[in-house]
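Below is one structure, written out as structure tokens, with a few remarks after it.
Labels for the chains are A, B, C, D and E, by order of writing; each one numbers its residues from 1.
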Amino acid sequence: MESIFFFVVAAVAVISGILVVTCKNPINSALSLVMTFFCLATFYVMLDAPFMAVTQVIVYAGAIMVLIVFVIMLLNVKTETVKRGSHAVISGTVIGVFVLFQTCWFLMKGSMTGQVGVMDKAMVVKSGHVELIGKALFTDFLLPFEITSLLLLAAIIGAVILAKKKI
Amino acid sequence: METIAIPAINLAVVMPEVILSIVAMVLLLVNVFVPGKNKGYLGFLSLIGLAVTAASTVSAWGLPVLGFNGTVVQDNFAIFFKVIFLISAALAILISDRYMVQEECNQGELYPLILFATIGMMLMASGTDLMVIFLGLELLSICLYVLAGFNRASLKSNEAGLKYFLLGAFSTGFLLYGMALTYGATGSTKIQVIYSFVAGNPAVATNPLFVIGMLLIAVGFSFKIAAAPFHMWTPDVYEGAPTPITAFMSAGPKAAGFAAFIRVMIFAFPMLNAHWTQVLWILAVLTMTVGNVIALSQDNIKRMLAYSSIAHAGYALVGFTACNAQGAAGILFYMLSYAFMNIGAFAVIILIGKKGEKNGNVQDFAGLGFKKPLLAVIFSVFLFSLAGIPPTAGFIGKFYLFSAAIKSGYVGLAIIGVLNSAASVYYYLRVMVYMYMKDPTEEFDWAGATPSIAICLLACVGATLVLGIVPGVVLEWAQKAVMF
Amino acid sequence: MFEYVWLIPLFPLIGVVINGLFGKKIKNEMIIGGIASLAVFGSFLVSCGILVQLLGMPGEERHFEKTIFTWIQSGTFKADVGFLIDPLSCVMLMVVTGAGFLIHLYSIGYMHGEEGFYRYFTYLNLFVFSMLLLVTGNNLLLMFVGWEGVGLCSYLLIGYYFHKKSAGDAGKKAFVMNRVGDFGFLLGLFTLFWYMGSTHNVWTINFRELASHADMLPVGGVVTAITLFFFIGATGKSAQIPLYTWLPDAMEGPTPVSALIHAATMVTAGVYMIARMNFIYIKSPTTLLVIACVGAATALFAATIGTAQNDIKRVLAYSTVSQLGYMFLAMGVGAFGAGVFHLMTHAFFKACLFLGSGSVIHAMHHALHHEHSDADPQDMRNMGGLRKKMPITFWTFLIATIAIAGIPGFAGFFSKDEILWQAFSNPHHGEMNIVLWLAGACAAGLTAFYMFRLVFMTFFGKTRLSDKAYHHLHESPFVIVFPLIVLAALSMFGGYLGVPKVLSEFFTGGAFPNYLEHFLDPVFAYSTNFMAHSGHGEGHHSVALEWGLMGGSVLIACGGIAFAWALYIAYPAIPGRIVATFPVLHRAVYNKWYVDEIYDFMIVNPCKAFSNFLWKGFDVVIVDGVVNGVAAVVRGLSGLLRHVQTGLVHNYAFSMALGVVVIVGCYLFR
Amino acid sequence: MLALNNYLIVSAILFAIGTVGVLTRRNAIVIFMCVEMMLNAVNLTFIAFSKYLGNIDGQVFVFFVMTVAAAEAAVGLALMIAFYKNRESIDVEDVNLMKL
Amino acid sequence: MSQTLPLLSILTFTPLIGAILLLFVNKNSHGVLRTVAMVVSVLTFVLSLPLISGYNGAGTAPGNIGGFQFIEKVPWIAAGPFQMNYQLGIDGISLWLVILATFIMPIAILSTWTAVEEKVKEYMICLLLLEVGMIGTFVSLDLFLFYIYWEVMLIPMYFIIGIWGGKNKIYAAVKFFIYTMVGSLLMLVALIVLYFKAGGGDFNILRFYDLTLDPASQTWLFLAFALAFAIKVPMFPLHTWLPDAHTEAPTAGSVILAAVLLKMGTYGYVRFAMPLFPDATATFTPLIATLSVIGIVYASLVAMVQADVKKLVAYSSVAHLGFVMLGIFALNTQGITGGMLQMLNHGVSTGALFLIVGFIYERRHTRLITDFGGLAKQMPVFAVMFMIVTFSSIGLPGTNGFVGEFLVLLGAFQSSLRWYAIIATSGVILSAVYMLWMFQRVMFGELKNPKNQVLKDLNAREVIIMLPLLFLIFFMGVYPRPFIDSMAPSIDRLIKQTTKNQVAKIAPAAAAMLAVPAAQAATAAPGAPAEAGAPAATGAPAEAGAAAAPAATAATAAAAAAPHGAEPAPAAHEVK
């Protein structure tokens, strides 16, 4: 049951992913990407990470994609009138296939060898995913968390500088 | 619902970053109140900030401290690199006022952005967790994307920013994938943990996930240091970005890339060095050769220095390939020297340049040698240093790097290196040929040097010569910095 | 007197310094010429003193060495600046300083009014200095210094009229040809030094030390190599086949120079050198044969050319080459004493001949000058009947001609006959002796012919000058004529120093011995002993045979004279007819058998072409081509590679992705 | 429970699709979207590992990646707007002023 | 001589101080600039004279290390594995080269006193800096320091050619720089490899002398060093930078280039390549000798057909240095002495030749032989000087050229390089051909060209420049003893050092050769076996073995086949 569900979602994710690349209209690509994001959120739930699923939807689908669509609208980007040269498409695709092939190859040959920790589904259910994440963020990963604040600040300044109408 | 016990925080470990962040934010605030033509005060303030940061950085010398649950460390290695970053930031700020006024993009935000970028670099140097390194890298990158496109009115600058952004984001994908695989193979993102885990389970070292993870991380850093074939962005971005930013990018972020690269490779993957030295060997050869060869046919000096910067990354990779303490020390020393000589060279370009990045071709330097002898001599010193001719810092640096490679038995690599360096002489000499051996085609008007650029030039030329003639002390520091 | 031997070369050197540095300021010809001549005269006096002292010593002790300072010392090699006085060098000293002095004197008159008068005397003194070094040096290297020094002076003096291209060319040719010889000399020196040192631990180049170790030298083998190398040196300096071609050209120099350098002294240096090293040469029969053959061939070959030349000096030049051939023939048959004897007599009569011809040219020049004719004053076809106008010149010239022709009683007869006899009777070459003798005899006949042809064409018959010019002809001044007289006297009586045994016994009952031979005996003692011990000894031929041969050679000489008389006095039309009958032969002989042209064709031109090829083909195209090619390839590569940098983001991304794929692929598929 | 590799392979496929997109599309915004897809693929890998390793670090990493993605989106889109203002296009083939 | 005074440092840095002084002189007061430079260079020369008087030929003065005197040693860089010292010192070999450098410099400055009218300040500074580099190169005993000076020297020379050169100056300057750079960079690699083979420590050259390296690494290291030096020398076929550089450089540049810079290559062989890698030296002797001999003949032939006087002289330089190389690779006393002398001679003679070319170039602004002819009439003083220098270059006895050339050939002939020596001797002929031909075409013949008819003879300055050189030409030709004697101990040491391993090998080889014809050998050469043990005294050990062979011709063959015993060695082991 679970695997059938998985495969359906995976198929949707991959198909919408392909649509992102193949759609001529950027808006369609964006919408396909949102679809992919939703599929991924589904996976996150399946992987016992409900908080990440929520963040995925809110941040990615909600914020980033909205921003992107907004910019698409703002710039009034048309569909690509001229196709990229077919050789570029072919070579790009070939490389992509290579990437896929190689990734699959080593995924098959390799295995997850990392130190297995204590967190399991029970734990997630018991103390709640948000709490687990929060705990990690504020203890182990306090510094990176603080860095993100600088990162966002810098990004805001940058975005403002680059995009504001008059300096 | 239990409360989260926030662990004891040792702010001393990140004191330089904290100070610099505070300075940057204060600058942001001050910026609002400083009128448009007086933005130079911000530069002055930021220099003070950098000085204070440097003092705080240096004061931690000799006492390695881990902090924040092992995600960050303040050791000699980090300190040496931080000094390089601070110096390049300071030099970049010194040379930017005149340029920014000339190009009419004199915005106060420049300084905080440079400082934020510096913080990013410092985090890359001292981070011991892949997350910290990643975030430092991204902090740096985002600032650089903005800085590269800082001259909004200039299409070239826009292009530079956009290109850098798209390719940077693309490379981030690979870097992240590498980190993910490493995480999967070892169960942690902390360098210390990765190391001890693999040391405890040697079988992991042969796990393809782990190896590929390492390779992809290497790719990510190679992009940052502009190693071939991940160097393609460099010439375009360097050419397009505002010159002071190019100077900054060629010195600081490259060093930061090396800092993180060395940290990850040597600290986390020492057991894989048989793999990554092979990769680095090839990268080094490719990088040196591509950089030097293409530089031969460049007329635009900024672009030529961009290619030369690629080549210099190649030389540093030679030392990296050696995978010994001397090689690492060599990179440290080289990055420091490179900061001085390259930013110095860019300072000269700024002085010669005119609005709209005119006068940036080698032909525009014709006759400079006798019109402005002092400037030409200073420029020659930088060029000789870049070419690796004694008695300049560039020579000592190369000597160290190549001798490290030879020490590890990579004589062939060293030979390719020196041959490249001989080829590079051609294009550095070409500039001198124009400066000294050709007559000027047109009268050039001389805007004069501002005090800040003069200070920068003097500092750079002084450092280039001092590091070339009596490099002993600094080499000693570099050596101490890499005693892991 | 021996202690003052260093004065001998010093005097001319002082002359060089004074005239060289201040000559231009002095301007007065008499002072310049006087200083130069006095310098040589000083040397001559000292030489005389040394000769007297030497004569006062017993035969075996007649040698003396004086070292001035050590010139080069490096490891086992040591070369001193030191002088060796023995009978041989003493004879040479006398010839060089004596003839040298006379020719200096002559030059004062001959060179009168020439631009660069001081330069001339500087060179001349320098020459004497070098020549004296050559003959007195006590080691091979010092000899080589003189050897090269005389070559230099020869170059300078031949090129004295440097504004004439032919003079410059001739000087250069002389120097280069000499250098070819020097190449051999050096190799000989190296081989000798190395061989004696490494095999016998005798590290020396000192003549007497070498001579005292001569027993260590094997017969043949390496000695042949050594001697042949040295002989190459001698062929260059002494104008033997194949390096003789420079000497006729060297006539471009002023005539006294030809007399001094290219007749009396320098060209005999090769003979002197072989005589000096006789103890080595005697050990190599092969080399001796080579020398004899080359000598004989040169004697004959040059004589043939001499018969058809019209330039008075050229005839004398070929005659010199031919006579030098005789000397080498003597050396080659082991008759060292005879060779030196001929060297000496040749110096007398050939110097006389050259000076005489100079006197003629001098007069002709003046005569033609008055007429504003640009006819060649040296061409015999313009002369004739000069004997009435220039009696002293004529008579001295005639005496010298008789001497060279080998008419009994004159100097040339004794020495030449001695050589021919030795060629016939020597113990070295067996059956070859007859051939050598025959060649020598033929050459003698030819010599008589062309010398008298010269005399007849110049002095006899009707003049071919215009009346006006003939009118202006007059005898040369005293300073020119005086040396002629002295030299003519020497040509007449000089031969009595070395009267052959048979003649002496026949005419005086042995009361008039062969002085020169006895004097030189100690020098050649080793060779004589060596031959005696090796079972050859003196050939025991009958006295009758000697008389017979002597008579034969006199007959041949007389035949030559008669033939010349017939052709140029009695039936002057015949030569033209002969030329018409054998045009090819005449053209070949007239053009010196085309030897210069052959050299040009075989060596000079290919060499130039090859050099040009090396430069333009190899150096510029290949070597520099590689260098610039590498640079061009790198730059071309740069031009190509930069096109990778398309400026397009997706290409850059593609390159990155490709990089990743390749790197990962390398790992996966290795 | 599903095998880990199922997730990993899905993420690999998405990563590859993203790569293809970056290499083949001309619209800068679409390229950026493809990069986002690559990042998401990595995120999936992280979370899958995190789950199977029983270790929360991976999820924390994803958290930061999302932050970075947001920041990049802000800056990137701003750059595109700035470029568009000058060039009236966001076709990457028009980003070609500097080359060779 | 006080050993406490750091004479060598003072000597090295006097020109630097002079250059700094020049910085403060107004660039338009040419007279002052020239005078200051001149005074400084003369001062340097004067300062170098105490070296001659203070140099102790026997090397017994206190404070000497390994035959080096005037030693100075100050720690310089100490970092990581490296220890570089500022270590100076001279021996008989470098002494004269230092003197040559200081001697030539005033002459060079004087030579372009009027020819360089523009950028005088920079010009003089370059010249003085060049002098620093030259002296430093010769006096460094620390390999690293040597390398620094070696490279530093390129910079001023590059500018001298490039700024004040002829019309193709840029090509020549860049070619000079990069050509030389390639070689020296490879040497740098070899130097580092050598350093690590020595197991760290400092870069003291004397310490490296004591190393015993395996043959394979000797080979590679030698090749790298040899390449760098061969380019500098320059040896065929790496010579093509030289004609260009010479032709384009201003007179002073050519003079210095010929007189001093080229010597650095040969000096490098003597000081570094040979003593450091004795086995490789033995192995490569035939190769080097071949190239030298080809260089002699080839350069002579090419010189013969040159149309440009300066180019001709440049090619003659190549030939002359071929002699030097042949001499030092003869590896016996005479050969190396000759080579060293030839270095000095070449410095004097070719320097003088370039001056002479400079004189006429200044007057006529052409260097084509065909533009001249008959100058002897118009310029007699010039003609005399030109002639003397020409003959010195040809190697006429009595001039300096002869002594060196002769000893070189003698040495080579005695060593295993006999056949090379024979071919090289033909260079004697060729040099006469090309020099005299050139001389004749320039000086002799008719004075046709009207431009030549108004030429002025040499002025006082030019005569003064030439006089010291002419004096040396004769002095060194007539009395070379002071030079030879002071070099001798150093050369002996060099030979000992270079043949140290070969001695061990030659002994059994000689024994093996003696074993067969022992009976004959005993009578033929009683002194021979004793010599085998004392190679330095007899020049070349191989000859001792050869002495044992019975017949003279056999001896020739055997000795020719035994290049210093390197090859007979295996045979010897078989016998054992």
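Heads up, the rule we're going with is that a residue touches a chain if its C-beta (ideal position, glycine included) is under 8 Å from a C-beta of that chain, and two chains touch if they have at least 3 such contacts.
If you're wondering where the values come from, they're calculated on a predicted model, not measured in any experiment.
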item	value
Partner chains that chain A and chain C have in common	B, D
Touching both chain C and chain E (chains)	B
Centre-most chain [mean C-alpha coordinates]	E
Farthest chain (mean CA position) relative to chain B	C
Farthest chain relative to chain E (centres taken as mean CA coordinates)	A
Comparison of B-E and B-C (more C-beta pairs in contact)	B-E
Separation of chain B from chain D, taking each centre as the mean of its C-alpha atoms, in whole Å	26
Centre distance in Å when chain A and chain D are each reduced to the mean of their C-alpha atoms	7
Rounded Å distance between chain D and chain E, as computed from the means of their C-alpha atoms	66
Inter-centroid spacing, chain D versus chain C (mean Cα positions, whole Å)	97
Where chain E touches two or more other chains at once, by residue number	178
Residues of chain C touching at least two other chains	631, 642, 645, 647, 649-650, 653-654, 657-658, 660, 664, 668
Sites on chain B at which at least two other chains make contact	131, 135, 138, 142, 145-146, 149, 152, 161-163, 166, 170, 181, 183-184, 187-188, 208, 212, 235-236, 426
Chain pairs in mutual contact under the definition given at the outset	A-B, A-C, A-D, B-C, B-D, B-E, C-D, C-E
Partner chain A, residues of chain B touching it in the complex	1, 4-7, 9, 14, 21, 25, 28, 67-69, 71-72, 105, 107, 109, 112-113, 116, 119, 123, 129, 131-132, 135-136, 138-139, 142-143, 145-146, 149-150, 152, 161, 181, 183-188, 193, 197, 201, 203-204, 207-210, 212
Contacting residues of chain C [partner chain A, same complex]	650, 654, 657-658, 660-661, 664-665, 668
List of chain B residues in touch with chain C within their complex	162-163, 166-167, 170-171, 174, 208, 211-212, 215-216, 218-219, 223, 229-230, 232-233, 235-236, 275, 279, 290, 293-298, 423, 426
Chain C residues touching chain E - in the complex, by the definition given at the top	24, 69-77, 141, 144-145, 147-149, 152, 155, 159, 162-165, 167-169, 171-172, 175-176, 179-180, 182-183, 186-187, 189-191, 193-195, 197-201, 218, 221-223, 607-608, 610-612, 614-615, 618-619, 623-624, 627, 631
Contacting residues of chain E [partner chain B, same complex]	76-82, 119, 122, 147-148, 151-152, 154-155, 158-159, 162-163, 169-170, 173-174, 177-178, 181-182, 185-186, 188-189, 192-193, 195-196
